[in-house]
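In what comes next, chain A is part of two complexes: it sits with chain B in the first one and with chain C in the second one.
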Partner chain A sequence: QEMAHRRRGVGIGRGGPKFQKKAEELKAVSLQSALETVEKLELKLTEFARQHKAEIQQDPAVRSRFLQMCAPLGVDPLLSSKQQGFWANLFGGTGITDYYYELAVKVAEVCLAARSRNGGIMSLPEVQSILHQRPTKFQPKLLSDTSNSSSSSIKNSNKAKNKNNKNNKNRGEKKNGVYYSQEDIKTAISKLSGLGGGFRTVRVGESIMIVSVPTELDNDHMEIMALAQPKGGSISLPQVQEETQWDADRCQRALDLLLSQGMAWIDHNHQSRTKASSSSSVEEEEEGSLYWFPSIWKEQLEKDKGEEQEQG
Partner chain B sequence: LQLSTYSFPATLLLCFKKNSTALKDREEVQKVLQKSLDRREWESASRLAEQQQMEKKVNRKVGVDAILSKNAMRHKKAAKLTDAAFEGDAETLLREATELVKIIKKYASTLEHQQQTSTDDSTNKETADAIKLNEMMSDMGMTSALTKKGGGSEYHQLLARHLSDFLRPRLQKAGGVMTLTDVYCIYNRARGTNLISPDDLVKAVSSLMKLKLGMSERVFPSGVRVIQEDAFDDQQMAERLATKATDEGHITVLNISKDLHIPSLLAQEQLLSAERMGYLCRDTTLETTRFFPNRFNEFSLFV
Partner chain C sequence: DKDFDFPEFYSFPPFFTIQPVLETREKQMALWRELILNYHTSLRVKTLVVHDCPLWKNEKIGRSLSQKDTLLVLEDFCKSGHGEWEDPEVKTRCRILWRKPEQLASDIYDWAEANGFIGGVCTVYELHSGEDVNGMSFQGADEDLLRRALDILEQQGKCSIFQGETSSEDGIKFF
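Right, the complex of A and B next:
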């Protein structure tokens, strides 16, 4: 008889009154130990963060390692911005959270502004370079308290380049903006995804793209865009068919979606230009129109510019 | 720690004095030695020198690019140096914390299970403790089914009220609907410091309807989330679009977005919504998708 009761589960409290009382006792004990365990966890995290506070605040690589480490624990320092919260007290205010939330705002704005041009997909390095060129109106208090005085001097002395040296105590800051690492941007995007705008990162070939529209993009789309990477951002239907060995329908469908979303632009003139130069008309018809991907094209442009500077 | 060392060619022998802590000591020394070997700290000085050599060659960029690359290099260098100490502590923390987290999750799930099945036999102290646990967990950023239920904590409800006050004039000017992303951006921009997180916004917004603040969240089938004035009427908007379509022959996302001064994402959602209600019919071509007034109802009369 007793076994049957036990099998039904003491915790559910459906046993007789004796077990009911026992169930409540157990509930109380487990609640108590849960609270204690949480406190223990808080202590450990506090100790760790106190020791490495400076590094975490100033070095984006350490910061992203720290966030990465918290993830499998199910702990998210950036979940909420409560002022008297655990993390706020640990890092001396809302410095870190403000940094990421502001970055999220900026990334959203950059993506929105470029959407009409690239359809809502752009490379991570492109977003990064646009962010670095924007002037910031308000300085995040990410770094130690000494930055408060230097940040106000930044506002007043935007023209004087020499003041840079005083402010370079805080590694990330430059004259007009703050340095954002790729990991920082990725963290900001992961936070934005909860807002329902479709913000996410996808891998296209060898690079990482930021998507800011809720359109569903599958592997076919990614692959076609990846194929355009070595070709300077453009590709034609026959080329896609040749390199993927898919049937024409599948290629066309993927290209059509990208076109309708504004992520690809079609260049019909390509055909007529080659018609003029060559005599054989059969060849041109097979060539077909060219599909341009502004996001890929832009990215290749930046890459080439970077390489040029290194050589020259 | 009582230890003596003897070195032979290619071997280092460590002898621990036989006392009560010998076994533990041996393990500890092994661990620490292994860590040092892994990190190769004796190499770090030479690696640094190497890096400096490389940097001298590559430094050709000018202007903003130079500053950017210098910063990036500096970060990389510093990261390598601090990495060692940080990684060690991180490892320890991860190990110890994972155990604790497992325990916490277990208790949280039994608690949540109890909450689901119990009726009113929980004493006041228990619910108070449960709430406390909930608070502590969400304070640290731990989410579980337990914390998710508390979508309207005091902080978030207050935030909801601030939000609605802030949004009311802007929402009206924008036509009654705004995407959540837009709300996040303009609210934080206006706030300036102590910004709110996207998760905070989502939680606050979910209690808007309950608090009867004149606006509420709405999620479209595509996943797009917006805040919509209570006064906004889907039906009205659909009829308006249908009239426009009849007057102009057909309408598209772009021209609606321009005419009504709303973002294209919203325009698309309104058009799709009107289509779902049967006011519009779409015609998709390579160029664009056009919406025509739905005249199928008229046709059926002629049967």
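Right, the complex of A and C next:
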């Protein structure tokens, strides 16, 4: 009744009082039926969630559909139970909040572990690939037993890691029986962003990168990295200038930031084969130097590996 | 190159340029230390001859460490405790300690405990070549290195060494 009065619908002020009354009656009825529909929908969702708890946790397609079902209700089941209030009970038994929270923690761990080598930026497929290869001590046994064998590899972690990299034929392959879709990972990251630390996704060229440091990256930085993509992950200052037409200062500033943040490493030796004299000036060296982005380089490596597999 | 699984970073060209940014350089040095140690440990090579070592150059990517940088990397490696110059004046040969003497010492003592040698005796020979030491970190170890480890244990009061007829027959009593 309250809501009917608040509503400013079609019909108010039009026609005569008779019409108005009818219009209000209709609104009341439609509101009533809308409320009933919502109630039914709630019940259905609860039932669905409880019955399919396991699938919601394991299958990204099911999970995605479930979230879509919640959307028309304006419900975000990923909110913490405090924020949810009424909805807390409804979704309390589904574990969906837990699922994304746990995934977010895993993603953060992967990013933090890699930070010293890539400066805190890495491609989404790389994160996904690492997640799939991690031993999962605490995961219940799902599809395969492979999670048990990886616990003994902790001692030989270097060897095992290298072997895994070589054996990883398909980026999406389930090694430990658990699969995380890129959508899931993006959703988990969006939950992390509220915690500070700078977690976010950014677009570099055609790729999605995950940033895990608060460093402010502007379009100049993104563009330079995108330019390095077709070059295997490296670019020189003259190349940046040529392709962007920016002035040298602007190019250098952007490159310097990326270097200082550890997102780029410098390579002075790319002329080591052709360098005739050992007395080249420092300037000459700088000019010919290449800036390599570990995240882009890694990404291109995986791409090449993937293409090889397809052809071979 | 032989039977060693080179880490991914070995194919990353900037790995062969000493990085100017401190944090990045620290990561790079750590990777070099790891590479040097793992390479020599898995191939069971005890001595690194500087100008013969195949690690400084990666033909596949056309990169190599300069001579100056090679020494930087080696100095850093020695500081970490896993390497020692055989000739500190000229620095051409570096002894690689697959395990630091301190690590070996605790490994030996752990093994002694696990195999009921506390209160008992074994010889130096048995420690590096005995039947019971299969897979242990000190298996096949230099007697010299073993002794350093044993000296540490002695200092800690965990063993005492007594002379045998030959140095290999020197005995160790564990406490």
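Operating definition for what follows: the second predicted complex is superposed on the first by the 173 of 312 C-alpha atoms of A that agree within 3 Å, B and C clash if a C-alpha of one lies under 4 Å from a C-alpha of the other, contacts with A are read in each partner's own complex, and residues count from 1 in each chain.
Basically, a contact is a pair of C-beta atoms (placed from the backbone, for glycine too) under 8 Å apart; a residue touches a chain by one contact, two chains touch by 3 or more.
All values reported here derive from a predicted model rather than from experimental measurement.
Q: Using the superposition on chain A described above, determine whether A:Ser260 touches chain B (first), chain C (second), both, or neither.
A: both
Q: Which partner chains sit in contact with A:Thr46 here, chain B, chain C, both or neither? Use first/second/both/neither.
A: neither
Q: Of the partners chain B and chain C, which touch A:Ser234 in the superposed model: first, second, both, neither?
A: second
Q: Counting residues of chain A touched by each partner, does chain B or chain C come out ahead?
A: Answer, by number of touched residues of chain A: B.
Q: First (chain B), second (chain C), both or neither: which does A:Glu109 touch?
A: Touch partner of A:Glu109: chain B, not chain C.
Q: Of the two partner chains, chain B (first) and chain C (second), which one does A:Asn219 touch, if any: first, second, both, or neither?
A: Neither partner.
Q: For chain A, which residues belong to both interfaces, chain B and chain C?
A: 259-260
Q: Report the residues of chain C in contact with chain A in the complex, numbered from low to high.
A: Chain C reaches chain A through residues 5-9, 12-14, 16-17, 19-21, 23-24, 26-28, 34, 38, 62-64.
Q: How about chain A: which of its residues touch chain C in the complex?
A: Answer in residue numbers: 116-117, 119, 158-159, 162-163, 165, 234, 259-260, 262, 265-270, 272-273, 290, 292, 294, 297, 301.
Q: Applying the document's contact rule, which stretches of chain A touch chain B when the two form their complex?
A: Touch list, chain A to chain B: 11-13, 20, 24, 27-28, 30-35, 37-42, 44-45, 48, 51-52, 55, 59-62, 65-66, 69-70, 72-83, 85-87, 94, 97-98, 101-102, 104-105, 108-109, 112, 115, 132-133, 138, 141, 171-172, 174, 179, 181, 191-192, 194-199, 213-214, 256, 259-260, 306, 309-310, 312.
Q: How about chain B: which of its residues touch chain A in the complex?
A: Touch residues, chain B against chain A: 58, 60-62, 64-65, 67-68, 71-72, 74-76, 78-79, 82-83, 86-87, 89-90, 93-94, 96-98, 100-101, 103-105, 107-108, 110-111, 113-114, 117-118, 121-123, 125-126, 129-130, 132-133, 136-144, 155, 179-181, 184-185, 188-189, 192-202, 219, 222-225, 264-265, 284, 286, 288-289.
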